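Chain IDs A, B, C and D follow the sequence of writing; residue 1 opens each chain.
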Amino acid sequence: MDNTNTDTRPAGAQPGAGRPRTAATRKGAGGKDALASLLKLRELPVITALVLLVAITYLNNPLFLSPQGVKDLLLNATIMMILAAGQAVVIITRNVDLSVGSILGLVAFGTGSIFAAAPGMPIALVLLIGIAFGAVLGSVNGLLVTLAKVPALVITLGTLYVYRGLNNVWAGGTQYFAGDRPAEFGALSVDTFLGIPLITLLAIAVVAAVAIYMAGTRPGRDLYAIGSEPDAAKLFGLPVSKRVFLAFLANGALAGLAGVLYASRFNSVGATTGTGMELDVVAAAVVGGVAIFGGSGSVVGAAIGAMLLTTITSSLTALRVDKFWQQAIVGVLILAAIVIDRVASLRSAKKLRISEARNV
Amino acid sequence: MSKTAVDSTTTLASEPKGRTGAARILLGRDAVMIYLLAAFLVFAAVSIPRFASPLTAGFLLLDVIPVLLIAMPMTLIIITGEIDLSVASIAGLTSACMGVLWAGGMDIGLVLLLSLLVGTAAGVFNGFLIAVVGLPSLAVTIGTLALFRGLALVVIGDNAVANFPAQLTSFFTSKLGATGIPTVMVGVVAVVLFFGILLHFTPFGRGLYAMGFSQEAATFVGIDVARSKFWLYVASGLVSAMAGIFWTLRYSSARSDNASGLELAVIAAVLLGGVSIFGGKGSVPGVIAGVLLIGTLNYALRLGRVSDVVLITVTGLLLIVSVVAPSMGAAIRQWRHTRRVRRNFNHSASPVASA
Amino acid sequence: MQTDPDLQGQPPVALSLAHAAKTFGPVVALADGTIEIREGEIHALMGENGAGKSTLVKILAGLHQPDSGDFRIAGEPVSFRNVAESKAAGVSVIYQEPTLFPDLTVAENIFVGRQPKGRLGLISQGEMRRQAAALFGQLGVAIDPGRVAEGLSIADQQIIEIAKAISLDAKVLIMDEPTAALSGVEVDRLFAVARGLRDQGTGIMFISHRFEEVFALCDRITVMRDGKYVSTHVTEDVSVDRIVREMVGRDIAELFPKEAAEIGAPVLSVRGLSRAGVFRDINLEVRAGEIVALAGLVGAGRTEVARAVFGIDPYDSGEVLFGGKPLKGGSPQAAIAAGMGFVPEDRRKQGLVMDLSVARNVTLTLRKRFARAGLINGRAELRAAEEWSRRLQVKAGSPEHAVSTLSGGNQQKVVLAKWLATEPRFLIIDEPTRGIDVGTKSEVHRLISDLAGRGIAILMISSELPEVLGMADRVLVMREGRISAELSREEASPESVMHAATVAAATN
Amino acid sequence: ACGSQESSAEGSPAAGGGDQSITFIPKQLNNPYTDVVLGGGKAGAEEAGFASNQVVGPLEASASSQVSFINAETQAGTNVIAVAANDPDAVCPALQEARTAGAKIVAFDSDTNPDCRDVFINQVVAKDVALIQVELIAEQIGGKGQIAILSATANATNQNEWIKFMEEELKSNPEYKDIELVAKVYGDDDDTKSFQEAQGLLQAYPDLKGIISPTTVGIAATARYLSQSEYKGKVALTGLGLPNEMRDFVKDGTVTEFALWDPAQLGYVAAFAGKALVDGTITGASGDKFTAGELGERTVGEEGTIIVGPPTVFNKDNIDDYDF
């Protein structure tokens, strides 16, 4: 049934002369579709890449997956994972937050300061303070973006500088070292449960919570809708400004959490902590299948993207590949992610057009 | 064309009577930047000891040259509504290639030529992905930012090549007589003029503004959107290569990490110079003022031995204020309008209802 | 409307708007928007393109805030600040343009913001899809609720909008041309659903340009013209002719003075042009000095044909001959160089660069012509811009002012000036007077007529019948991507054009 | 103008300094090691009789980032510029210009190209620093096995010189014939990067017995990683570190011994050398002598190098005696 029919448009308009709309052209949900939808999963390429990378490295250097190796891999990914998850939330709304590195730095130094001032402070409280601090910084971004209606790229480039400046003013030459913090705090990134470091468990829990929020709650889905078509969202009556503001706030809170964990894991926190992370974080989200213009992608994908990018570093070292290749490979990965995304969407668009045409 | 309605010769011959639009220019967004720059220069000259000296011109200009150079194609690219984050990486890649080629014993002229070619090729790569394949420039250039910097590392690794010909390196820091102005400014001014004229006085430039506001409208008047974008990225690659060469020879050090992080500084300066991130708005004079303002602020603060901390904070604040201020004004106007309308509405509601 | 005696003692009024006004800068979109919808009735709103129907809808939806007027729901005065408030008050709207989220699934598009929850208070995808499927069953269509909305046909998008609206269980359901893209079966199902809702007491407002639909479905009809309320009738008591007269409300011949012009040799010939899924086997010819109107319903594919001819879109087969020579497809540059111009339908997005000055806009098509040694001669450019603005009597403070500050009519003149400055032999004008006030309208018409008089061949696409009938030497009517009739000036009448545009049998 | 209260109270011999000024430009601000050096520099400058002493510098340690600070100092007419070069060549043109304008250049900590400065204040004889680190690691790993080096930036002059001596020593000294240097990696004096490099080393070289990190940031980051991992106590770590940063790691057994000179003395001597240059006491020629305050007389050696003093070895027993 080709174009033998009289009209070529999908849209018939005449009363009475209905065009056949067979169920055959529209697939219902079925068993075979489970596999199909798995193959359509946006995260599939990044998961495949990660698995391949780990497998190849392991075959060449079994130490890579020794308990210590696994622990290191997870620890390396932890902070980036949290940041990428937060960034994904923002990018899904068709915005971006370049200030995350600076937020992380401020919170990490803040954590150091807290312990310096009050060494006995409960760790849970410090975590909460850090998250709240990050949320405040993120909400400044959110306010500026939603109230002044200016592009997030410019605003967060501005706050990237301002927050870094504040960090420098505050910290000056002061650095706090691991020794300045309680041992239990540092132990968070040493002790493991079932071979998984505690901070990684915390990160996984947080990413899972954010993922569930994004996928399974109304406000979370609103964020997708807003990023997918902001005008329609307004027409539909979604609270666009409120949601976008909350996305920035959440991202700030996550960056704050990452900042506290940074202080737990690394030796020193000071004025330059977290410098230059912003584009890596965006890259992780993009590699993880989050569309840069919003509307699609997932928090889990972004987290896996972060894992992939951090794992490459370890992997190349473990393979004793010239580490100078590392960054080039990261670049190729990012480009591949964008191209794959585009090819997939072109293919599905073409498929749809053909199926529509057959419909006519 | 004989049957057409109008005789163009008579049209073109008729006397111009229009206004020059001076007022519009004098009060425009770019003009504000220029006033701000002038005001700051005066302030610095008065309040910072030794600022008013030819030495300032020399050192300051040497510092801003890389940003100024790259800001030119960046301005055009942002005006079309796109972005290029890979510029600093292209400069780094160029620098790395220079180092390796020179260390490999190649003639310096050839080294320079090949380095420019490398940058241009990087631009072609960007242009292909963005203009021809149609991928989003933000994502693509985040990718090539990593890729080109990575290639720079692959090319030169952790080495640094420093032994460039002394005449060449000293030429790059030499001054034009007693003016204190660096000799290379001649070339920089040529590049700036090229892009300024390209943007403001050529058919191509007219097309860029149209594209920035509406790609669709541009297509309707016969502008080849993809081709224009492609060439802009090529130009961006070439100029970034120039900046990379300047960087290498000024510091007589070819390294893979040269110019890293410069992309955000360039974009900040361009946006500060009045170019809209949405595209369509901006001018080369405004951007020059933006670049010089940050450069001068930078230099004055250093001369006053104020920490860089203040500088980055001020840069960030300026950037935020420069975009927030205009839209805040608009938002307040809009809010007042709505309030007025609502009051009228409630007012008129009752009589109608009773009618 | 309250004057209609037949309706005294009828069901209570669900929603009423009286004397609402709304202006957009210089454009008066709505001068006196008045309508009353009772519970359990289907109320048609009719009017020409640009009469202000959609603007009225957007006020009811809370999307626009009226400048004045009285708005009540169930007798209580309301003033909505946003869509959420109107929704909360029980008003559900299907907009003229589908407003879906392309990245979300069909089911989710229907239930955004009120997705059914399952365990743990999380959204239950299964339940949501089940409910969506049930809605589609009610509408008698089979769309996979699990697919993403991206790439859906206009018809399917419209169906999803309808499903979305009826699932809201609103007190008042407003449908702005919901049937424009639907096939007969789907229309019938929609009507069945609408009648069902009416019988449950929902007040429904229905906008359509198709009389047979309105007369088949609606209980009452309100007519608008030029942003003003004209009348309200009980459907049984009124004839199509009466409604048409009230909608048009003026003598066609007087308003649109097409002067006789000498018709010359063919300038443009299009032969067998087809683009899969868009239009098919288009043949047309436009001669020097001739105005050919391309009429049809919105969505008939007229704009698509024009875009393909001009090279904005590609086409699959057929050819375009310009001045007897084949024209390279897919290249607006080639079309412009050959002597074509295109005044697009969407002035703001396609016709003008709104933030650029009047002068820049006028000379945008001439960029290369003012270049000497590659540089634009600013004075010559400004002079030409002024000359053309003067000829077309563009009212602007200064040629340096942004074109966005001009009124719609003057903006349209700038678009015309831009193309006239290229001295074209052939001009496509898509919806020449869309969104232009009545006064300026006739000016634009005079201009077009003038151009034809000077030998320019013109292809005019218009959805306004009076305009088509008044201006055209020949009328081609399109329906669903094909040319369904060719009518001479004499043959063309509101009936013959409407017939060809709507009724399938007319073609073959 | 005259010196500050303390300096006149100390009765510095060169009290006639007038309005002479000195500015320190470290590799990077906000680096704990640097802060100790600069603390000594400040004290030295005051004692030596400089009317003003300043610290300016970049926030990140890239090759080119110091140049504009040197330029600004040139223009400010600073008499002595004391610089720790991130890259020996990148700062050269700017330093030459400063000298033309009359400034004296004292390199400290990390040398510039010798043509571009008057004197270089070196911690210790470079070779001694190298040898002591090799000695320490050899001792800690029992004289045989694989070792690796985790350095600062790949272009750091001082580190590279030490590494060169270490390699030569490992090759030439029969005592070390069983020790194999398997890798050199660079942490760029960045905590995170050094941390990850250390981790990578251990994974890539499962038989690694020891790591030398001749930079304070690197050794602390590596110690942090080791102390958290299963390698703690199994892989030896030594190098150059600050006692304050290393104290916990020494006490918990991650590190047995490491070395460092007193960084404050470095700055202190640099200030006096600068003063001597301005006063004309020395020209930077080999054999010139001057008095570095309470540290006594110093002699300019070959290529204008001035040695500060021998390194100290820190371990569990003595580390609490130091506070820097």
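Everything below uses one rule, namely that a residue touches a chain if its C-beta (ideal position, glycine included) is under 8 Å from a C-beta of that chain, and two chains touch if they have at least 3 such contacts.
What you see is a predicted model; the values in this text were computed from it and never measured.
Where touching is counted per the definition, the chains common to chain A and chain B are C, D.
The interface holding more C-beta pairs in contact, when B-C is weighed against A-D, is B-C.
Chain centres here are C-alpha means, and the one lying farthest from chain D is C. Each chain gets a centre from the mean of its Cα atoms; for chain B and chain D, those two points are 40 Å apart.
Each chain gets one centre point, the mean of its Cα atoms, and the points for chain C and chain D are 75 Å apart.
Under the contact definition stated at the top, the residues of chain D that touch 2 or more other chains are 29, 59. In chain C, no residue touches at least two other chains. Multi-chain contact residues of chain B (touching two or more other chains): 157-158, 307-309, 312.
Contacting chain pairs in the structure are A-B, A-C, A-D, B-C, B-D. Of all residues in chain C, those touching chain B in their complex are 18-19, 65-72, 77, 79, 264, 288, 312, 332-333, 335-337, 339, 342, 344, 346, 349-357, 359-360, 363-365, 367-368, 370-371, 374-376, 378-380, 382-388, 391, 398-400, 418, 420-421, 423-425, 450-451, 454-456. Chain D contributes residues 29-32, 35, 59-60, 185, 191-192, 195-196, 199-204, 206, 217, 220-221, 223-224, 228-231, 245, 247-248 to its touches with chain A in the complex.
Here chain C touches chain A in the complex through residues 62-63, 82-84, 86-87, 95, 99-104, 108, 112-115, 121-123, 129, 141-144, 146-147, 150-156, 179-188, 212-213, 274-280, 297, 299, 301, 479-482, 502-504, 508, going by the rule given at the top. Those residues of chain B that touch chain A in the shared complex are 83, 85, 129, 133-136, 138-140, 142-151, 153-154, 157-158, 256, 261, 264, 267-268, 271, 277-278, 307-317, 319-320, 323-324, 327-328, 331. By the touch criterion given at the top, residues 23, 29, 54, 56, 58-59, 62-64, 67-69, 71-72, 74-77, 87-90, 92-94, 97, 113, 154-155, 186 of chain D touch chain B in their complex.
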